[in-house]
Amino acid sequence: MPETVEIGLGRSVRRGYHLHELALVPTRRTRASAGVSTSWQIDAHTFSLPFAAAPSDAVVSPTTAVEIERLGGLAVLDGEGLWSRYEDAASELASLGPSTAALQEAYAKPVSPELLRRRIRDLRAAGVTVAVRLSPQHTVELADAALSEGVDILVIQGTVISAEHVIANDEKSALNLKTFLADVDVPVIVGGCGDYQTALHLMRTGAAGVIVGYGAHAGSSTDRALGIDVPMATAIVDAAAARRDYLDETGGRYVHLIAYGDMGSGGDIAKALACGADAVMLGEPLAFAAEAPGDGRFWDVTASHPRVPRSVVLSVEDDERPTFEELLLGPAHDASGQRNLFGSVRRAMAKCGYSSVKEFQKAGLVLHSGRP
Amino acid sequence: MPETVEIGLGRSVRRGYHLHELALVPTRRTRASAGVSTSWQIDAHTFSLPFAAAPSDAVVSPTTAVEIERLGGLAVLDGEGLWSRYEDAASELASLGPSTAALQEAYAKPVSPELLRRRIRDLRAAGVTVAVRLSPQHTVELADAALSEGVDILVIQGTVISAEHVIANDEKSALNLKTFLADVDVPVIVGGCGDYQTALHLMRTGAAGVIVGYGAHAGSSTDRALGIDVPMATAIVDAAAARRDYLDETGGRYVHLIAYGDMGSGGDIAKALACGADAVMLGEPLAFAAEAPGDGRFWDVTASHPRVPRSVVLSVEDDERPTFEELLLGPAHDASGQRNLFGSVRRAMAKCGYSSVKEFQKAGLVLHSGRP
Amino acid sequence: MPETVEIGLGRSVRRGYHLHELALVPTRRTRASAGVSTSWQIDAHTFSLPFAAAPSDAVVSPTTAVEIERLGGLAVLDGEGLWSRYEDAASELASLGPSTAALQEAYAKPVSPELLRRRIRDLRAAGVTVAVRLSPQHTVELADAALSEGVDILVIQGTVISAEHVIANDEKSALNLKTFLADVDVPVIVGGCGDYQTALHLMRTGAAGVIVGYGAHAGSSTDRALGIDVPMATAIVDAAAARRDYLDETGGRYVHLIAYGDMGSGGDIAKALACGADAVMLGEPLAFAAEAPGDGRFWDVTASHPRVPRSVVLSVEDDERPTFEELLLGPAHDASGQRNLFGSVRRAMAKCGYSSVKEFQKAGLVLHSGRP
Amino acid sequence: MPETVEIGLGRSVRRGYHLHELALVPTRRTRASAGVSTSWQIDAHTFSLPFAAAPSDAVVSPTTAVEIERLGGLAVLDGEGLWSRYEDAASELASLGPSTAALQEAYAKPVSPELLRRRIRDLRAAGVTVAVRLSPQHTVELADAALSEGVDILVIQGTVISAEHVIANDEKSALNLKTFLADVDVPVIVGGCGDYQTALHLMRTGAAGVIVGYGAHAGSSTDRALGIDVPMATAIVDAAAARRDYLDETGGRYVHLIAYGDMGSGGDIAKALACGADAVMLGEPLAFAAEAPGDGRFWDVTASHPRVPRSVVLSVEDDERPTFEELLLGPAHDASGQRNLFGSVRRAMAKCGYSSVKEFQKAGLVLHSGRP
């Protein structure tokens, strides 16, 4: 029985838990980290690291996508980002001011389907797995451009997505995920979501992967602006229950869970996997990289919303920014827990005695209130 | 069964929850925010936004009342504020010092019933819904002046009000709410209160609306001075239970709940509605406005108490203060969650799939302990 | 059943609550504060305020004792303080350095029974209720001096006291409370204690009052040094249960509970009373007073311990220190909740509808986790 | 039944508690601290204080080991520390930079078995109980050197150790604790661990003592890097249950529990003992000492990890650093709770009425959420 609390007379609500309230508990054997595999396979694509770089213009560009794939991850380009709005997106990025208003102005320029096509062609030419993110609002309009150029993985992602969007009078053509996905040949990842029911409905649309969470980070204000928050540990566990039930109801279709939000360290990632995620999506932690297009700043797609912006532009404090390689694979030369993210995950798995991510989803956890 | 805890041998108390401990959980469909109505109707008065501006001299003046109504809300003038004490209240406001002692001195000048009458006539002349707040202590003395000038909505509001006030030896004429309300023809809103029992008793006095909470904000010290605090989520849910029970016992009289306190962002407002409020009362968040009479400062009626002042004068930090319009309807150009309050509420409702405030009162909630 | 938690396999512990986790909930009638009595009677002594000034040299001197009694409280002089160690204690106080080492040195001078006698004579001459505190360690040695000079109320107080002290080899004459109290004619207050069992045993020694808590304040480190802490709300409720049981077993002997610790505001005091205290003991809050002998600094008896000092010397920040009268009876001219302490208590009682402290011990409470 | 929480659908986890969430509750008699014994005996070795100095180069050197033993504790030299890597370790210590990279470089120099032998010979010559720590990874390689030189107590200690280490392809000879310990004649202490199952398995290897915790301190980032954390109170209580069960299954073999982590004050130590520890291991608190080799800085063995360093170098703030003697035995001249650690423990035991550590393991505890 999930834990519920009667917050007032006649109103019971679930209690949700964040990753930072949990810790791994090694309870059995240990093994050397060399004997641990962190590989992740979704559809026909295999990655040596269980992670996707988030569709933030501050993290993924046509250039960094190549490096991120080389290091073992999947880079998701924002199909509605600056690269699809500006011919010379690199210059635009370089001159972008840090204020919300500056972001809103830069992203006010319309998306050009032709530019989107061109970015995809460039990525294909570079030989990487082409993954592009579209918003639920513009998928109907832009998906053709993306798909016809040969996207490998399509990511349909908003703060909140649902399998059942009610059309308003002024919406000409809202996205019906189920109908839409029936006609798409490449694997589609959809999200975010935060509960069992939505996760299950999204699985039933035929998605290959479901994103859990909306990418909350230190600069997010979605909780303050909208009152929406996702206690990630509970959300991942609940979505894993949906994955199990959907596996049963389909007799074997396994939908991948990609956790997104409140992960800033190797330990956070390890705990997300231990809660049941198959992989994680990372934005802010990668903006620390020397090669990151944000050049020391991070913002996500909510930061430039024209009416309700919900993320400030974060500044990375480090003078000496590490490379993507140090961030992802190490070795780390500081003790923040924010470098060598997957070397850390590998050690966490080893100390808990697991040799694959799938097994590690059963790792021992303890709930606690934080050290002094 | 409400959650109780035995805090010591033989003494059990309820556990109460604050809005900041809750988050909305979209669990079903989504819809476009254009398809959402935030309208609020109390008695014969309809507002496009479910909110009343708090009776603080730092927020509501005869001038700003007009703007607040134009934007869709109800402005409540403090009938015992500076406008009823000073002929030239605007000058008094302009020269008011920020210390508690300065406030106490300014509010030590007696209320003039004649000035109160004149302010109401001015408001009527401006064509707005005239709402005036009186304290329970002075309602008997001042209500005649207010009502005879044609107040549309009377607000009788103190930190704590009860349907049963015990008269002390030195009180000549204490307010008996039930008797008093029987003779008043306009809708009366009374409060604040913080529990089921008091809410129900206030409903039985014939009030059109009940205020839940005492308007706690960052500068409040009622909790420290008096030990009284109102965990708003629980208080609203409990009052909603009283509304339901009173609806049943009267065969259909619906009393509006107006939440007041601990709401500084669109998300807080959305959560208050989702707990069961019909509307919210806002003070501090509106003091950010460029047009606010406090001119960058906020205080409420507890700040000038002659013997036990219970709120400091808050200074608004922004250099560039937004307009009431940006605060209430946006668009926002910062990501604090404190602007475009009702655009945010509208989006929260849309993402949760609800199209009216009344439906939204059933929105999914989760209890959690806060992001790291 | 008190709330217990199994913190690990086979080990269950009680959960305790602090005053700051509680809030008063007005749930019934209200009344005017003029109709409220805060009087406290213990044995033959009556006070208009339910409070004792703590035996701290920073608060109670032969001079301030007079003022504290004038304002309605009971002042307890530390019988082992500087006034019993130095002929010219006032000079010693004036030149006392703020470091722990300086305190240790000043208090290293032995107590002079003759000086103690003289201070008591002076207090008697001033016409106040003479209350003197002795430590459990030195009561056997010093009680004669105190009692023979006509102390009205004897306070035997350490951090922790017990009714059963085990004598070590090097202790010549340990205090046996029961035997000792059998021979004393004046009312004796003993403490501190933190649980039901100790409170009950202390009541059975014949004490007139039991102190709950050890006077924890912002500068205390007893919790860090010794691991001992007292969640005051639970401790008071438990001691009230002991009072009830002892009343029953004796057929009517009522022992007063005096709460001491974690009270810095009127609200804290009100909550301590609502948990079941008959009165409170206040140290740090009174060191704010302009007349306080600490002259802007506060320390308690644990601060000068020769081997394990457990309280730093706190500095009062205010430039303009209020008088004892403003602190205790107001009016307050700041909104900190730390002035007009008993005007605040009176208002809290009024808003909850109670007219005496004894009735107020049943006031409604809610447990919560603090405003944002 | 241990407390479990369903954090999401179908996933229940234990709830763990930290020492800082507990407080001692004196509930019975009191006694003079002179009547209290803090002695600790493990195998044939007796110490007047129940503590081991942690194998940190910042705390234990061949020189300080002598002083620590003189004061009553057991000093554990890190057999893989600078003293086993550098001929002139003292110079290396003196010139060591505070950055993680500097530490990594210093500790990159290989351990010399010959130097290790020499350090042990020196310690034997100094007449102290020789205790040396080896990591699980290098025990097979270095134990011979240590044991043949006559180590008195061998400490095999990593962040996490298990009785069952799975060998990876590139590991030539992993440690099988059970086989290894069968051939060792001196008492062996192994750890760290954090749960009942691992503790029990470690006891079954024949260890004389088991370390609970990994030495978490203010500068640790093991929780962030690996997601592993140990709520110490729960971990100690659980390990004590394993000790009890193992005692039963062996008909009387008593394995000592040594708590390591999150103890910075006398109160923390007292609470660890009251949870069931037989002794504590202290690192950071001793780095405050004037004689400490770290000379005002502290780091532990995780700080120099070549790929995932998990502790920053802490700087001790005090200008005047106390001696080991003041730290351990007092008298203290500040009120931080961090000096006279075992004088404090002795007083805590006395105030709770216990005269030996073994009895004190049953002391009363209360769970609480911290003073304001």
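A, B, C and D are the chain letters, set down in written order, and residue numbers restart from 1 in every chain.
We take it that contacts are C-beta pairs under 8 Å (C-beta built on N, C-alpha and C of every residue); 3 or more make two chains touch, one makes a residue touch a chain.
From a predicted model like this one, the values you see are computed outputs, not experimental measurements.
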Third chains touching both subunit D and subunit A: none
Rotation in the CA alignment of subunit A with subunit B, degrees, nearest 5: 90
Copy pair subunit B, subunit C: interface residue numbering same or different (half cut): different
Centre distance in Å when subunit B and subunit C are each reduced to the mean of their C-alpha atoms: 40
CA centroid of subunit A to CA centroid of subunit C, Å: 56
Per-residue overlap in subunit B, given as positions that touch at least 2 other chains: 17, 234
Complex contacts: residues of subunit A adjacent to subunit D: 1-3, 17, 22-32, 34-35, 196, 233-238, 240-241, 244, 264-271, 274-276, 330-338, 340, 343-344, 347-348, 351, 353, 355, 364-372
In the complex with subunit B, residue positions of subunit A that touch it: 5-11, 13-18, 20-21, 100-101, 104, 159-162, 164-171, 174, 193-195, 197-198, 216, 219, 221-231, 234, 262, 303, 306-312
